[in-house]
Structures are given as C-alpha cells and as structure tokens.
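First chain written, first letter: the chains are A, B, C and D, and each begins at residue 1.
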C-alpha cells in the first residue's frame, strides 16, 4: 500500500507548480510547497504513510468539521441549523454578500467562513472555553495530547482577519450570532491555527468513518448520527465551491484547509490525512486533489 | 417489504396537507394531492410496490438526469462541463440572476433549469431529434416502449415558460448555448412532459445503481462512469436548494420533479420511484421527502 | 459662439483614441470614429453648429427619452411608474440581474434597457403602431418629417438582441410587461435605429428646455410637467452608471446613445445635440463627455 | 411667507400617521412624531420659520454632506473619489452586498453609509480630531458655536452599529479605508449624533447655495467648486434609493437624516431646514417629503 501511495505522490508532484501557497499571512506564505505527505488509517487500525507525512501544518478550515461537531454536541442539530443552513453554495468560502440581501436569514452552510463562525459562536463557554473544549475534543479524537496551536499564525490570522470580522459583525447585527464578537473570532482564529500532521487528520477521518468512535475505544465521544450529518455536509460543501466537481471526480467526503491539508473519510472504511501547501483557485490543495482522484480510482473508494 | 412501504406511506400521509400542488399550469394544478405511490426495484430484479404506484405523472425535472446523461454520451464529460458547472447552488431551481453578474460564465449545475437547458442544447440533433433521442433512451432504460409525452402539459409549459425562455436567451447571448433557442426550449418543454409511473422511475434509479446497465441486459447503454457523475450530481444538487439538508436527512442520491415525482438511486443496491404531487417550498414532493427519510432509516440506505 | 464650439471640439479630439466604437453589430462597428459634430439651439431660435454636425447617426438609447414621454402621454405618470421605478442604478445599462432577485418588482428606471422596454410596452397600439407613433412624435418635435429608421441597423439589433429578449421575457413572466414580447421588442429595436443628426437632437433638447413646446409653436404637444419628469430622470440616470459623475462634472441633464450621440437640455435655456462614435466603458461618447465638460464651464450651463 | 409655510405644514400633517419614527435606538424611538418644523433662509439673509423650528434633533445622515465636504477639502476631489464612487444606487442606505461581489472596488457614493464611512476615514487627523474638525466646520457654517453632540445617542449608535462596523471592516480588508476602524467609526457615530435645529440646517443649505460662503462673510471656507460637487451628489443620491423619485417630484437638491431632518439647497437662492421624525420606508421624513413637494411647487424652486 505504501508503494501505491508513493507512486501516486510522484505522479502528482508536477502539480506543485500549478498551485500557489496561501500568502495572506506571512507564516503561511513561507510554507514549503514541495512538501507532500499522506496517511491512511483503516478500520483494522492499519496505518499507511508516505512522503512528508510527519510535517506539521495548521488545520485551518478542517477545524470547521470539529467546531460543527462540538456545536451539535452542545446544542443539538436543530438549534445549530436554525442559525446556519445545510446548503452547499456556488460562492467562495469567504463570500458573504448573500447575507446582506433582503431575504437572507443565515449562512448557507457550516463549511464556509460565515457558517463556521456561527458554529464557533454556538460552542458553549467563553471565547477561551470554546477554544479549549474544541482543542480537547481534537486531542481525544486523535489520541494525541500534544496537539496545540501555533501562536504566530493565530496572531497573524487575528491581525488580518478583517473580512471574517466583517461577516461576524453583520451576523451579530442580524441576530444570527450572540455574545462578544471579538471573543468568538478569537476562538475561531485560534482553532484555525491548531497544528496537526497527516496521522492526526487521518484519525479524524477514521473517527467519522467509525460513526464517531475512536477506533477500539469503548466509549463514544458523541451521538453516532453526528457522523452522518458531518459526512453528508463534507460531501456537499467540504471543498468550497469546488465540492460538486470534487464529488464527481473523487467521490470521497472531504474537507480542505488553506494550509494545504485535506481530511477525507470513507464511511465504514478509512480515514485519510493529506498535506501539500500549494492551492488551486478555490483554496484547496491542488496536489491533494490530484492524489485523491488517483487514490479513489486505485482503491475504489468513491461512494458513488 | 410491501408492508413496510405501506406503513411508511400511511405514516407520512398527513404531510399532504402541509404541501401544495404545483399550480403554474392548469394541468398540474388539477393533480390529485392524495395520490401516494412508491416502487422499489433491487439488483436481484425484485419489485416492491405500494399505494398509487400505477398512476401516471409527468417526469418534469427528473428528465434533467436523462438529458445530462445523453449530453455526456453525445459530447463527453469535458465538453458538457465547459458549458455548465458541477457546483450545487443555494439558489432556487429557476433562479438565474448570477448568470447576469459580470464574472459569470456558466450555470452552476445541470439540475437547475438554466443548466438543464444547456444540457438539452448539447444533445445532438434538431429540436425534434433531441427530444426523440431522449424519449428513446428513457424507453430503453425503462424497457417500456409505451412511454410518451403529454401534449396538453407540453403546450402549457411552452405557453407559460417565459422565465425559461429568458434564461435561454441570456445564455444564447453569452455564447453558452448555440442554435435555435425556441427549438431547444421546445425539446426541453417536451422532455418535462414525458409521462411515467413509479416503476419507470425505479428502473431509471436501478439503471444508475447498476452503473448504466439495464438489469440482466448484456449491452451497456453508455459508459459506466456516467453513473458516478450523475449520482454525485444528484447528491449535491438533485433536490434543488434543499439538497444539502436532504443529503443529511436522507442520504440517498435523488432527483425530484415538480409533478411530485422523486427518482432515487442507491449505488449498487436499488432504484426507487416515488410519486405524490404536494410540494414543499423548494419544489420537492413534501410527502416524498418524508417517505424517503423513513425508508432510508428503515432499510439503512444512506450512503453516509 | 461657433468659434468656441470649434475650439472645444479640437481640444477634445485626442479623446477619440481613448474610446472604442460600439461593435456588437457590424453597422455600428463601421462608424467613422473621427466624426465629431455639435449643434446648439437656444430659446431665441439661434442655432450654432460645428464639426460634423450634418452627419446622420442612429438615435439608439436617446430614443428612451421619447418612448418614456409617449408612455406617460398615453398612460399618465402614475401608471408608467407602477411598472418601472424612478431610481438611478449603479449597474450597467443592460444589467438585469436584480429583476431576478426575490424582492424585485420592477426595473430601476426607464433609461436602462429593461426600463425602456417597459416604456415601449406601455405605448398604445400594436408593435407597428407603437413605433409609428413614436417616429411621428420625433418628427413633430424636430419639425423634420424626413426622419426615418435605418433598416439594416434595425435588423442587426433584432438579430443580436438576445439579452434584451431575455430581460423582456423575464418581465413578461413577472407580469411587468403585457402583450406580445417579440412585437414590443420589434418596436424597441426600430426606435433605436431611427436616424438623426445633431440639429434634430438639439431640437429635442430645446423642446424639453421649453417645457414640452416646439419653439414658437402655439400648441403644446404634451403636458409641460412631463419635461420636468424627463429632465430629472435624465439627470439622475441619463448617462447610465456614470450619471453621478457626469452630474458632478457637467451638470447638464443629458442622455447618451451607443452610436455616439448625446442629447442635452439646459432648462429654460438651450438644447444641445452632440455626436462622436467612440465610447467609454459605460457606453457614453467619450469625446462627447469631454466636450460637455468644457461647454458647461465655458457657457456656465451647470444646473448645480 | 411664514403663512405659506404654516399652511403647507398643516396640509401635510396627516402624513405623520403614515410614517414611523426610527426605532433602532431608544433615544430616537422616543422622538415626538408630531413635531414639524421648518426654516428658510434666502440670499438676502431673510429667515422664515414655522412650526417646531426651534426643536433640536440629531443631524444623522445630513452629516454626510459635511464629512464629504471636509474630506474633499483635506484630500482634493480626485483622491476622495478614488475611494468612493459618484454613482447613485438603487439599494438602501445601509446595503453593502455589492462590496462583496468579485468585481467591486468601492462604495457607490458618499451618501450611503459605506461611502460616508470612507469620507470620514479620509478626514485628516485621529478619530477625535476628525470629529472635532467636522464639528468646528459645522459651527462655522452655521455661525452657531453652541452646536455639540448628544452623548446618549452617540453611545447608542456605537452600541448598535454592528452593520456599519461590518461594512467598515470589509472596506478595511479591501484596502478602501486605512487606519483604526473603531476610531473611524467612533468619529462617524459622533458626527451622526450632532444636535441641530432647523435654522442650523437652513444655514448649511444656504452655504451650499452661496457656493461655499457663509452669507455676508468675506472669507470662503473652501473652494466654491465643492458646492457644485455636493449639490449634484445630493440631487442624485441624497434621499437614498428614493432620490430618483424625489428629483422628479421635488427637484431640489436635498439630504435626509434618520432623525427626521431634511437639508435642502436651492442653488443661488435659498437654504431650507426641515424636521419631522416620522419616516417612510426609505428612511426619509415622510412629512418632510410632502412639505418639500408643496414648497417646490408653491415657490417654483425645482431645478428641472
């Protein structure tokens, strides 16, 4: 299997030059675009790794999966989706013009920035508590107590996060989010700056594939139904406004992050963690997409 | 099984009064909202029916699945998706304002009206030939040579179809569709007026589930990969701007029509045809949605 | 005075190269971009001409002033503005996306294409009659019975007018326009193809400046209040989404056409007709704008 | 003259019940809707007053005229309009969705909130200095050194101003505004809370009518050309997305405020200050509009 992974990595390496590392904050702009790492973990607990699987990167938007999970655990599905819709959108991840149209009532889904900020706002606790509870949940899911956040990247995100700030204040004005906006944003910026590696991400994927259970654990961390909710939303919205094409070409529920990570989950089968910083125009890892396409075909992982 | 179906039908019958029959043309407005029919067909060829499964209804937007299939058969995936995107949208099925925004290049997906008109425009042949080839394909898939279209409904659609006309002329102006707009629309209105029953629809679902093969047939009607494309697009966009919530609550690739039909396909397992005319605000059968939710749980059909 | 006009023409001639002749139909694309003509007519009947004042050009969107006038004469102000709003818009002349937003009820104003099509639809009579009545009104206002339309340009407009067709069908669907869409469009395309020269346009300007009276005529062609309505709308919307800047820089109620014409009216003082085919990005004559700026300053014509 | 004013006031008093006092902050919601005051001041220095002309009210959006004036005085016209456009819009005063569309570069005009925040950002000095300089300018124009701001209303505006905050952060993100967003907003909220009476407003109108000179003053406060710029912009955009209809029905350059004030200027003739708190759906004083219509007819003040 690891040979297959290595072959697929090399086959897609040329794509590095077709993408562009995120450059809206210095710490991301400095990422090495040549890093390509992947890790698979299946339901038997087998772990397969290749490339730069051990490099750390910030989780960024992949954290939206966790904040949604925690928001549902804290409030129930119905209350969460009163404040954010389930619907995929053909707009970019940081678009929010629709919220200012007269008939608008809530962000389209929890995988775009506006919807993810809503999810974070719904996590119980103060800004600090929201973040700590989310970090704690990630540590439990990954069985990795060392996971923490990158202070420099958090501060950079906070410093340059005026568009997220704009949408948060608009939603505050609309009554979609409650509480202190800056504290919510603080928690949101921190969650994006959590540092992980490919194995951590693969374990999150496996946790979802295993219906919200850590493999071989006796206790469930949350209602198993939450895995269906999140897997469905990852399928329709996880790759931003490329989710439709990704579903056709790859067919595996996935969520990307702007640092180049991809979380993928094959229901009842496998979790996948991928990392390569160069992005396409939608904000997804361009090499990651190429690898996922090949992996899906090679291992027949498409759900369609 | 048929007992289960009947129980689920009765459990959801109260929803009839929460929906509203389509009333934009007289022939649809006269539909009996109390009809509830369902038909399942599995890979072993077993057929299970309940309720008003033998009532005829017009296929309406379910035909978008067939026109997309034929457009891809005629042109290949790449050429089709140069003219219509793969992306789900949070806008209603007949919205097209985005096409008139400065950065717009094509409709979001082939399951909304604008995208479906593009697909029809790409089917080879004159307006008349486009329709005949599409009708012929449906007859082959359903093994039902008696299927034809309802002349009265076709003429009504044509007469009141000015919004579809508007989007078609805009797309002609943008270079997205070529050829005679009225001929393309004529074919489009006719395809919407094709009359089917629940078994016909179930067979379309099974054809997709069976990777584009009529069950027990030796010849494939088209490249099996087309089933993945269409199943993925049904999942992300098949229930209009309710597709995201439907994916969470039902988890079965489906396509609805405004006459109350629902086509559902469970990959490698089953095709489902449903019919109940009362619609929700999105244009989907409201009883059909209730039944699909229960069916998905009862038979564990969700792909997530 | 004619020396002043000639000086201003020469001062602005360099702008020819900064603009671009309309090229959406061949007959317009062939226009000579070096033609610059102007004609002023004051309340004493003095006529001042300079440059290529005797060249004929199609009236294009300047006809929107006449169709609005006739629609009000036929229906009264209230009925007309039930179907089209008074409001200037920051969108281009052929934009109509807002009409497809959920809260939309009518086009913003009668100087953009959608609103002008509404005005034409409200002129009494069949398509043929609408046009003949409008042509007749222009002949009376200009005292020029020889004015007619350019058949080739009319047919080209009709042939390539799919975007206008799109907005007309959408408005038909919304109940904003009634009757046969193609007949209304036919009249609209013909009115745009009416051929005039600078004196004709200056006389229209003077007619408005003189409160809807042909100079020295004893009979009024319409209610004098209509001149205020139209002059106000020309001020807020006459130069498309450049009207705001034009009001600041020129300060004279004006209406432009895509063939390069500009109609200007100085209330109680003067009518101006201008012609130079090269356009700016908004669809206004780029040389014409330069000349109007200088003329406004030189003759102190700004209303502000 | 004062008899005329009183007659017009009484004629329009019934409109009080057709409007609604602004209620987004408590201090405004408590306004007495029955107050109707008016003050005219002509170029000879004659002052005519009627009704509740001596009641104080907050200037609100009328301050946008002053902040634009000061921004131009500080930066020149060109630099200001690099950051905010001249164009009227058919969107409400607090709409900003267009700023988030891909092709957007700046707010439509300085009379909507987004554009006014840009103007405030361009006033030289820190947040505190911006405000003090603006207050000082108003004191000079009105020759009223006692004018100050209402602390309670300022704090309420600040507390509930999340939509303004949202657009400011978006514009910061887009590079349209620079500097500390909260300091700019602070100045903006304070300028809206400046308290004036009808005479103060009439004097601002007269200052503009007199080409930026305080009547009988020997020194000009700014370039006289600024009066044309502002008068033109008030005409095309001063009454929000009702400016087009207002131009047709009233024809006097005006600017309204949400506390019920209207500033009007008749070029070279007169300044008008009006006050009545009940608003129409656009945010303009509903009685004020009725009075302006009658006044324009009675005194033949329309510029069209």
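Observations on the model:
Here, contacts are C-beta pairs under 8 Å (C-beta built on N, C-alpha and C of every residue); 3 or more make two chains touch, one makes a residue touch a chain.
Each chain and its UniProt protein: A, B, C, D = Glutaminase.
Predicted model, so just to flag it, every value in this text is computed and none were measured.
With contact taken as defined at the outset, chain A (Glutaminase) and chain D (Glutaminase) are each touched by B, C. Of all residue numbers that take part in the contact between chain C (Glutaminase) and chain D (Glutaminase), over half occur on both sides, making this a same-residue interface.
Ranked by distance of CA centroids from chain C (Glutaminase), the top chain is A. Simply put, chain B (Glutaminase) must spin 180° to overlay its Cα atoms on chain C (Glutaminase), rounded in steps of 5.
Chain geometry summary: the mean Cα position of chain B (Glutaminase) and that of chain C (Glutaminase) are 47 Å apart.
Averaged Cα coordinates give chain A (Glutaminase) a centre that lies 32 Å from the centre of chain B (Glutaminase). Averaging C-alpha coordinates per chain places the centre of chain B (Glutaminase) 54 Å away from that of chain D (Glutaminase). Counting partner chains per residue, chain B (Glutaminase) shows two or more touched chains at residues 98, 101. Residues 101-103 of chain A (Glutaminase) are the ones that touch chain C (Glutaminase) when the two sit in their complex.
By the touch criterion stated above, chain D (Glutaminase) contacts chain A (Glutaminase) in their complex at residues 95-101, 162-163, 165-170, 172-173, 181. Note for the complex: chain D (Glutaminase) touches chain C (Glutaminase) at residues 81, 85-91, 98, 108-109, 227-229, 231-233, 235-237, 241-245, 247-248, 251, 253, 267, 302-304.
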